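By letter and in written order, the chains are A, B, C, D, E, F and G; residue numbering begins at 1 in each of them.
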Amino acid sequence: MSVNAIGEFVGAFLILIGGIASVISVFGLIRLPDVYTRSHAATKSSTLAVLLTLSGTFAYFLFAEHFISVRVLLGIIFVFLTAPVAGHLIVRAAYRSKVKLADISTEDELYDILHSTEKKESNYDHENE
Amino acid sequence: METLITILIGVLVTVAVYLMLSKSVIRIILGSAVLSHAVHLLLMTMGGLKKGDVPLIGEGTGKFTDALPQALILTAIVISFAVTAFLLVLAYRTYKETGSDNLGALRGFKDE
Amino acid sequence: MPAQLLLNLFIAFLWMTLIDEDELKFTTFFAGYLVGIGIIFFMHRFFGTQFYLRRLFAIIKLLLIFISELTQSSIVVLKQILSPKLKIKPGIFKYETVLSSDSEVTMLSLLLTLTPGSVVMEVSPEGNVLYIHAMDVEQSKEGLISQLKNFEKAIMEVTR
Amino acid sequence: MLLSIIIFIPFLAALFIPFIHKKIPNKHIGWVVLVVPLFLFIALCKYITAIANGETFIHTIKWIDSAGINFTTYLDGLSLIFGLLITGVGTLVILYSIYYLSEREAIGRFYVYLLIFMGAMLGVVFSDNLMVLYVFWELTSISSFLLIAFWYHRKMSRYGAQKSMLITVSGGIGMLSGFIMLHSMTGSFSVREILTMIGGFTDHKLFVPAMLLVLLGAFTKSAQFPFHIWLPDAMEAPTPVSAYLHSATMVKAGIYLVARFMPIFGGEAIWFYLVSSVGIFTLFWGSFSAVRQTDLKALLAYSTISQLGLIMSLLGIGSAAYASGIQTQSILYAQATFAALFHLVNHSTFKGALFMVVGIVDHELGTRDIRRLGGLMPLMPITFTIATIGSFSMAGLPPFNGFLSKEMFFESVLHMRNLDVFSVGAMGSLFPVIAWIASVFTFVYCLIIVFRTFFGDLKLERDDRPIQEAPVGMLIAPSLLSLLVIGIFFFPNVIGQYILKPAMAAVYPSLSNSEELIPHISAWHGWDYFPLIMTVGVIVIGVVLYMYLRYWKKVYTVTPLTWNLDSLYNAILMKSEKGAATITKTYMTGQLKDYLVYIFGFFIVLIGGMLLWKGGLSINFENDAPITVNEYIIVTVMMGAGIALLFVGSRMTAIVLNGVLGYSIAILFVIFRAPDLALTQIIIETVTTALFLLCFYFLPEWSKEKSTTFSKAVKGAIAIMVGSLVTVIALSVQGNRMFDSISTYFENAYELAGGKNIVNTILGDFRAFDTMLEVVVLFIAGVGVYTLIKLKGRKEGQDVEDK
Amino acid sequence: MNNVIVLPMIIPLLTGIFLVFLRPYIKTQRLFSLLSILLTIGVSIHILNLIQSDGILRLDFGNWLPPFGILFVADSFSMLLCLTTAVITFILLIYSFFSIGKSHERMFFYPFVFFLVAGVNGSFLTGDLFNLFVCFEVMLLSSYVLITLGGRKVQLIESIKYISINVLSSWFFLVAIAYLYGTVGTLNMAHLSVRIAEVGQGPLLTVIGLIFLIVFSLKAGLLLYFWLPGSYSAPPTAVAALFGALLTKVGVYAMFRVFTLIFYHEPQITHTTIGIMAVLTMIGGSLGAIAYNDIRQIVSYNVVIAIGFILIGLSVSTESAFIGSIYYLIHDMVIKAMLFLIAGTMIYLTGKARIPEMSGLIRNYPALGWLFFVTMLSLTGIPPFSGFIGKVYIGEGAVENSSFMLLAVGFISSIFVLYSLLRIFKNCFWGETIINEDEDTPLRKGMLLPIILLGVLTFVLGVGAEVLAPYVTDAARTLMDPDIYIEAVLGGR
Amino acid sequence: MIQTMLTIALILFSITIAIAVVRIILGPSMPDRVIALDMIGVNLIAMIAVISVIMKTKAFLEVILILGILSFIGTIAFSKFIERGVIVERKRNR
Amino acid sequence: MKINDVILRTVTKIVVFIILTFGIELFLSGHNDPGGGFIGGLVLSSAFVLLYLVYDVETVSKGIPFDFKKVAAFGVLLAVMTGVGSLLFGASFLTQTAGHFNLPVFGETELSTVTLFEAGVALTVVGVVVTIILSISKDV
């Protein structure tokens, strides 16, 4: 087996792993009890999945076509940068829009700060607008 | 593939028509958005699907899929975007003026 | 530090002219640049500042730490998802960070969020307190905090 | 040339009046205007001898040559009679009107209308080209409309004007279609040309429709039953107008038309029956209705209707001559036409005079109501004399011209009995009977005019000034007319030879050499002359009926008679307005939903119907590309998302689902090897979603559609049918690719346009024009959004129009 | 290469763009608008005459030969309509100077008008089916903006309906194009004609043709006209007049083009359908015209009637019918503009829109009254105004083809036209005056002048119909014989 | 072998998307749906990468980055909407 | 508690530059690769959209003080003028020409009127998208 063939295989393998990771994480999306826990499954596991896939793709093109795909690299960086931000934003939005935590949750150190004082601060009272 | 996509088009059209037949402006706009999805697919399908490679010269074998429908769809997409944007803003302005997004309740021109 | 960079570029250019090829080649320039790196690393104490590529090493180190954390916690989360019965106890806890600048806080949050099992939910207006949602507070809170400390240190090496 | 000028002179004059008006005081405009018809009359008189010698004059000015519409004027005996009437009576009427109209009226406007009418009327009778004739024909309707509504602030004036316009213009439009059919058959619009060719077309399927339509025009214009209803209401016009348009000239345009077209259609049974029966019935109905009138002008209106019917029926009988070929008998029938033309002239004289008399009475007393009139003879002796002359002439008494033509009329209807064409049979005997009964009524109302107005007690007192004879100026015109009434009685053959003979030659060109065509008119035919006996009968019975009028007048209140055509007309207008409103508002709901249902419904019916009817579906899967599992999944996802879109409870979910659809389409574009599309689709979808969100902030959450199961089912059915049709046709198209696409050409994009991205070269080069316009579209939308938001309507109450 | 034929579209387009930059300078905008539209008129006349000498002109954009590139084809039919469009726009611009108001003028009113004209003229000129779609969209988008401009409640509500329906019709358009492309693989109209003639217009192609019919019917207001009265009643007068005069005509044009050039093989199906639709349209329009008391509604339904009448010509498809339709089309553009202007002016002057609320206007505004009278006659087809000649020719066409039903309904509908307008004239202009001297809103000369110009135009077009005859005949000849068009487009290949 | 692996991966990604759509339809909360949408975006990226590998074309690599950019923008927009109702603020005064 | 967007903003600062560069690249490479004026323009405008989402209208407008309506108008003008330009050279409307030039930095470069045309397209897209978003956002 040539280096190229091995490289291609590695690429495909990474992609396959990515696919599996993706399915598992979507499984979490169905299974987990509340939006916060689901966000863990989504933003991380699936980020992992896509990173694996993209790396696989990068490897594939590198070995099969001897082509360094800047776009794929850029894609990887981009996902790295933005996926956690997206997760952060959604979770924050969920919490601020008062989506309840699952009953199995044990701690909430944010509740007092945000929801109990909200009436006084009235940050984003869109009913007035 | 063509048959499958055609059936998909049929489903989308059905959905869109049903949405358009409602009283709420948003549903209507949404319906029109789905309609445009459907027709873009239709244009694509009518040119034949997967009949060759990506229409980039130098890529692949030299047998290309029909590029003309792609160009047409591009134009159509942009136009439908323009219209949707305008319609959406219109809906919003209308709501602000009238306080309703229900076309059934909004009587435009009155005679008697 | 800009002085180091300029010097490095100068060395590379010098290298290129010394090699004296028919045409200007990027590869030659790059080779010269590498030579320059070596020279400057060797001499950097004379400038009285730190070696300007030190950050590169710090970044690589951070990346490595991150990848290892990522893999570990990914496995934890995947296990939790796949386990027949959900045994997690999610919750929100707060963490006061020693980091101060926007980019540092951001970097910490990104890294923490990317590793499974934890999401930064809020940053306090002052920017020094993070509210973190964890998949399983009871079991992994300690682990998370040590992970945070780890990250903090690595980040500071990059930024300061 | 002169002829064409003659037509235009009144128009030119009308054009100048507004300018003159500023310089000349109201009072004197009439005198200026008077010059016009007088001049024209004299000019036309100069033709009399030439025409009598059998000459005709023709002159053409090119107009819409390509359509065969040219301004051809043609003067022959027939048009000359009318020309003389128009200008002659016109002169008198204007003279009369100078005294009749108050200085405070908008006299300028009045004369403008009148001159336009005069020109139009001359145009009608002098035009050889059917289209030009039609032009002037409608122009007479219009000027009549304007004149009737001269006092437009009066409700009844407006009503009358509208009625006359609607009826005559409708008839005119019918006539126009008749003319078009004639042109379609013969290829010509020239009456003379059609005349020479028509023989070959009498069996043409358009021949009879054309005839009927031309008659429709004639009947409406000449107020024949049942179209006569406009004429009484037209009496709202100032009296000079009634005298001129609504008795002497315009209403005779229909007569002219029938006479003019007799050579074309005359040989047909339908023509004969229709013209004669409609005419005779109108004669009867007009006279019968006249008796019950209490308004003198209304009475005169019905009498005009009746007299027009008389003339019409004579023309109908006269057309029999065409059926029987050139023989003595045809000459006999042709004489009915002679009678018609003669009576036409006579009627203009006595009826003109009578109208002017009524005008005088109205002018002096302020009323025309018979019930309030009486005893005017001593106060207005001259007026009385004129009235008597006119009435007795109309009643058919000697020594007035009406007697002569009435006798000829009786003679003609009596000929009907012997008619052996068109299988007339028993019908022939009916005609004299009706004619006679009608004459009795005619006699009665003539007595009413004279006796109820001028005899008996004076019922009316005027406070401001005593009732007195009209000013001399007002009496000149009617006096001249009554002189003519008597003059013609004594010298009828002058008219017969110089005026009627050439007209007869125009109506019967083939008989024009026959000497007997023109009978010698004489007042006395001996005692055994049956028409004379009829006349005596009329007088006797008429006097009796007049004396016992109050006893039998109850007849008019018998129910069927009160269901008159007028109320039918009103009801039709009312009902059609109401009905139209009901119908229109049923489907024009103002609801977008309904409109969309119509559109989809039409699509289903038209396209579905066509497919069912003609087939055209042939589905063939051979060309299908293979499908992979993940493609199935994607398509399933899309279908799922699509269907879910119908059931979601929140608009946000809907937007997310729409996003799913959009992104999935992008992946389909990837699968279909369309990178540019995938890129565009993704970005557009995102921007659209952002826009949705931007606007949603302001919009309310969407509520569940509250609709009945039935309406949901209907909507569902429509949606499914539309979807299925679109699918089925698309499948069919795939099975029926008939040609290769032209797009293989673009595969040489690199050589042709220097680009390797084929889609991009199409967009940027091959079809750059589309792209350019697409950018314009986008730009308009962008700026449009900006204006939509920036330019706001002011607060309510401004729904009418920005000021 | 005949670059000149792109000008009737490109001049308005560029004008529109430049005017965007001139936004704050209203006077400059006006001047620029006038000059540019006059230029368009001049160019259109020039092209029209060029066609008479050189035959149909075509311009291949980017020099790509048909059927591959997009091209403009200028024949007498399209140029006559371009010219009329430009003339009408010129007159309506003058009206808007005096009526539209500064706030609109600053809100890109003139640019939108010019974009509309560009779209309209582009639709007339294009020889490519998909480009026709794009030109339609240019026109429609501008109309969307114009109908909402001002943002009054009614405008907004009506425009939602208007836009939704047009979105739907554009959708059908694309569907039909897709099908057609799938079957015959080309977009150039002449090429489509050739290919369809080659394989024959089978049921499938006929079905596709009928979808086009639906599309253009929606645009033209043929049978599917229910959107029209509402939308044409909402915008300011100048805009309503622009719509009434131009918009539906583009649909009519497209219908003529497509059903004489491409789908002309099955007239017993397509043309009969058009005939039936025309009849129903005229009936519906006639009923609507007499049903309402609001003059804007009456006026709008008159638009509907005319559409039905013009399409008699297409249904009948004889040369004289075509001549008639073309004459009538031109006439209708002029007279509808005039009608809308007068109706709008009446509303402006009285602040009322319903017949019973107005009376005796002729005493205060005699000129307006007489101009309305002229409009009424012209619309009814009474000579010597412009409607007459077209009516005669259409009638002749119907007679030649023995389409008596069409003839009858067409001619009877003109009685309804007369009646509907007579009601307005009788009740609003005549009757007792209700406006006192001091309440009298002065009628600005600038508002009257355009109406007078249109009045003169309808008279001149009626009396001087012969001047147009060579062009109209040529246009009709081209419609009769698709080969002339095809030869001009594909002949030079 | 490689083709099989790739195809399986592709199918797995499709399945993920399908399941995510189910989550969108089920909700229950809006953030749930947005998370699912975000997930779909990310998986589309993966799918396109795989398809590019299968088709051996570089034509779609741009799409990857674009999808990344836009799913980011989309998520920001949605979460801002959920959080504050308004997604573009005129002026931030807080 | 006030919202602290520090994470978002910091990341956005980086991301925006990536998007802008990518957009320009897409626009320029359109003739031979996927991309072109439309897509490039859309990507560029999505960078602006991102800015407006993350910051507020006033902040962004201070940083980018263009009248985007005029940008759009200029774009349309450019697109149309490339067509009109060919009239001036006696070629058919919208005839695109290309020339090869030796430029200092870029070396042998193909400069084509198509590029101008597409630049017009891109500018329009950017102008319009931003105009729309700004119009709505400012109308509260």
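Basically, a contact is a pair of C-beta atoms (placed from the backbone, for glycine too) under 8 Å apart; a residue touches a chain by one contact, two chains touch by 3 or more.
In UniProt terms the chains read A = Na+/H+ antiporter subunit G; B = Na(+)/H(+) antiporter subunit C; C = Na+/H+ antiporter subunit E; D = Na+/H+ antiporter subunit A; E = Na+/H+ antiporter subunit D; F = Na(+)/H(+) antiporter subunit F1; G = Na(+)/H(+) antiporter subunit B.
If you're wondering where the values come from, they're calculated on a predicted model, not measured in any experiment.
**Student:** Tell me the fewest steps from chain E to chain F, where a step is a jump to a chain it touches.
**Tutor:** 2
**Student:** Note down the smallest number of touching-chain steps it takes to go from chain C to chain F.
**Tutor:** The distance in steps between these two chains is 2.
**Student:** On the document's contact criterion, could you list the chains that touch chain D and likewise touch chain E?
**Tutor:** B, G
**Student:** Have a look at A-F versus B-E and report the one with more C-beta pairs in contact.
**Tutor:** Most contacts of the two pairs: A-F.
**Student:** Which chain is the middle one, judged by CA centres?
**Tutor:** If one averages C-alpha positions chain by chain, the most central is E.
**Student:** Per the centroid of Cα atoms for each chain, what is the distance between chain A and chain B, given in Å?
**Tutor:** So the centre of chain A lies 30 Å away from the centre of chain B.
**Student:** So, what's the distance in Å between the C-alpha centres of chain F and chain B?
**Tutor:** 21
**Student:** Mind checking the centre-to-centre distance between chain B and chain D? Centres are C-alpha means, answer in whole Å.
**Tutor:** 50
**Student:** Which positions in chain B are in touch with at least two other chains?
**Tutor:** 20, 28, 42, 45-47, 53-54, 56, 58, 68-69, 74-75, 78-79, 82-83, 85-86, 89-93, 97, 103, 107-109
**Student:** Chain G: which residues touch two or more other chains?
**Tutor:** Expected reply: 1-3, 7-8, 11, 15, 18, 22, 26, 32-35, 38, 43, 46, 49, 53, 69, 73, 76, 80, 83, 93-94, 96, 128, 132-133, 135-138, 140.
**Student:** Can you list the chain D residues in contact with two or more other chains?
**Tutor:** Those would be 590, 592, 596, 671, 673, 675-676, 679-680, 683-684, 686-687, 690-691, 694-697, 726, 730, 733-734, 737, 741-743, 746, 756-757, 763, 765, 767-771, 774, 776-785, 788-790, 792-793.
**Student:** Chain pairs that touch, all of them, please.
**Tutor:** All touching pairs, sorted by chain label, are A-C, A-F, A-G, B-D, B-E, B-F, B-G, C-G, D-E, D-F, D-G, E-G, F-G.
**Student:** Give every residue of chain C touching chain G within the complex, in rising order.
**Tutor:** Touching chain G from chain C are residues 102-103, 105-106, 109-110, 120, 122-125, 127.
**Student:** With touch defined as at the start, can you tell me which chain G residues reach chain E in the complex?
**Tutor:** Residues of chain G touching chain E: 69-70, 73, 76-77, 80, 83-84, 86-87, 91-96.
**Student:** Considering only the defined contacts, which chain E positions touch chain B in the complex?
**Tutor:** Contact set of chain E toward chain B: 130, 134, 137, 141, 144-145, 148, 151, 153-154, 156-161, 163-164, 167-168, 170-171, 174-175, 177-179, 181-182, 187, 229-230, 233-234, 292-294, 296-297, 354.
**Student:** Using the touch rule from the top, collect the residues of chain G that touch chain F in their complex.
**Tutor:** The contact residues of chain G facing chain F are 2-3, 8, 15, 18-19, 22, 26, 33-35, 43, 46, 49-50, 52-59, 133, 136-138, 140.
**Student:** Along chain B, where are the residues that touch chain D in the complex?
**Tutor:** Residues of chain B touching chain D: 1-24, 26-28, 30, 33-34, 37-38, 40-42, 44-58, 64-71, 73-75, 77-79, 81-86, 88-93, 95-97, 101, 103-104, 107-109.
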